[in-house]
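Got a structure here, written out as structure tokens. Questions coming.
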Amino acid sequence: MSEPIQLVPNNSLLTKTPEEGRQLAVKMARLIIKVTQPDAAVREKLRPVYADDASMLIAIGQTVATEFATIAAANNYWRENK
Amino acid sequence: MSEPIQLVPNNSLLTKTPEEGRQLAVKMARLIIKVTQPDAAVREKLRPVYADDASMLIAIGQTVATEFATIAAANNYWRENK
Amino acid sequence: MSEPIQLVPNNSLLTKTPEEGRQLAVKMARLIIKVTQPDAAVREKLRPVYADDASMLIAIGQTVATEFATIAAANNYWRENK
Amino acid sequence: MSEPIQLVPNNSLLTKTPEEGRQLAVKMARLIIKVTQPDAAVREKLRPVYADDASMLIAIGQTVATEFATIAAANNYWRENK
Amino acid sequence: MSEPIQLVPNNSLLTKTPEEGRQLAVKMARLIIKVTQPDAAVREKLRPVYADDASMLIAIGQTVATEFATIAAANNYWRENK
Amino acid sequence: MSEPIQLVPNNSLLTKTPEEGRQLAVKMARLIIKVTQPDAAVREKLRPVYADDASMLIAIGQTVATEFATIAAANNYWRENK
């Protein structure tokens, strides 16, 4: 039996920088795909399907943008960083 | 006759951690599918359709991201947790 | 002549619980379909089309998630309930 | 020459009730279609295309939900009405 | 060589009225298409493709709704106008 | 081995003007495509696919709109600029 998949790395939305927040958005988006399709072999087979498809690449961008909106709000947009 | 489907587990958006909030987002997204298609046999038949389809996996990610945005706001982004 | 369709049940976004808020989101999403396609016979014919289609079930979930975001904000996420 | 299309009826997002706000969301969504396709004859021809298509009905619901989110926020969710 | 495309007319999200804000949303949505496909001849060829397609008209409405949400928030929903 | 792709140029969401904020939204949307499909040759091949497709151009507009919403909020909508 596999362990349950952790959906939020480090169990926190708070990051030091926008760059790290963006990386977290990408990871969180991928982890939803992982929990919906837990079979690594199937996911590996699907990777070139979306990576070579313009329409799906755009759709992934939409999902990451939505995740990032939440993470950016959680971090008060890293306004103190500047 | 089946019981009415509960759409919000525990009838609350508040969770202890981001991880639990994310799990709630996944559950709430699935429960909308359940209430729209209450027949478990049909849902079981549809599962491999979307789990093996890159485009649908991305779309599920978009829906979970939207649900999570609401749950994260409800919990003030778990800022006190850090 | 048919009566105009009421788009917001009880003419309020405020509900006692998250569960009732979620039910309202589902109803409001359905009422937009009703006002766009007022013919009940056509709607009845379309129901199995989307209920048996994985892609459309996911899209319905996306719409409900967006409606729910508004309702949840209106109710301050039912934070006082806990 | 036709007059320019008014995109926001009454030039205001403020409405007395959620019901009126919802109606405004539907109208604003339709007016974007009108300004993009100003030819009434073409729009008339397209109406049954989307009204009989489950997938497009859902997509219309998504757009109305997004417009309504803005209108509801503008009206502070009509919280004073209750 | 062509000049760089200005993506935000007047370099401001602030408008006097909701109507002007809505027009800005339409323009900003179109300018993204322009910057992605800078060839005017191609864009001209694509115009009837989306203007005659119910599904694409709805998708344009979704994009404008999202742009408008930002512009409306920037203007505090023109609440002072009433 | 290639260097890791920087996802947020200058590691900040803060910009001087709405125009610069909009350019950042476009860049951030493109960088997600880049990190999902790191092979420049494949991306180059996909460019005409979406740039000549009305439906994909609209979808890109949707993604940029979502990224811009976050950037605009981060900058308090550049209200002080006026």
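In order of appearance the chains are A, B, C, D, E and F, and numbering begins at 1 in each one.
Assume a contact is a pair of C-beta atoms (placed from the backbone, for glycine too) under 8 Å apart; a residue touches a chain by one contact, two chains touch by 3 or more.
All figures in this text were calculated on a predicted structure; none of them were measured in a lab.
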item	value
Graph separation of chain B and chain F (steps between touching chains)	2
Centroid comparison with chain D (C-alpha atoms), farthest chain	A
Self-contact between copies chain E and chain F, residue sets same or different by half	different
Furthest chain, CA centroid comparison against chain F	C
Centroid spacing, where centroids are CA-atom means, of chain A and chain B in whole angstrom	16
Cα-centroid distance, chain C relative to chain E, in whole angstrom	28
Intercentroid distance (Cα basis), chain E paired with chain B, Å	32
Numbers and ranges of chain D residues touching at least 2 other chains	50, 55, 59-60, 62, 66, 69, 73
Touch-based graph of the chains, sorted into line, ring, star, complete or other	ring
Order around the closed ring of chains, commencing at chain B, then chain C	B, C, D, E, F, A
In the complex, chain F residues that touch chain A	6-8, 11-14, 28-29, 32-33, 35-37, 42, 46, 49-50, 53, 55-56, 59-60, 62-63, 66-67, 69-70, 73-74
Chain A-touching residues of chain B, taken from the complex the two chains share	17-19, 21-23, 26, 50-52, 54-55, 57-62, 64-66, 68-69, 72-73, 77-79, 81-82
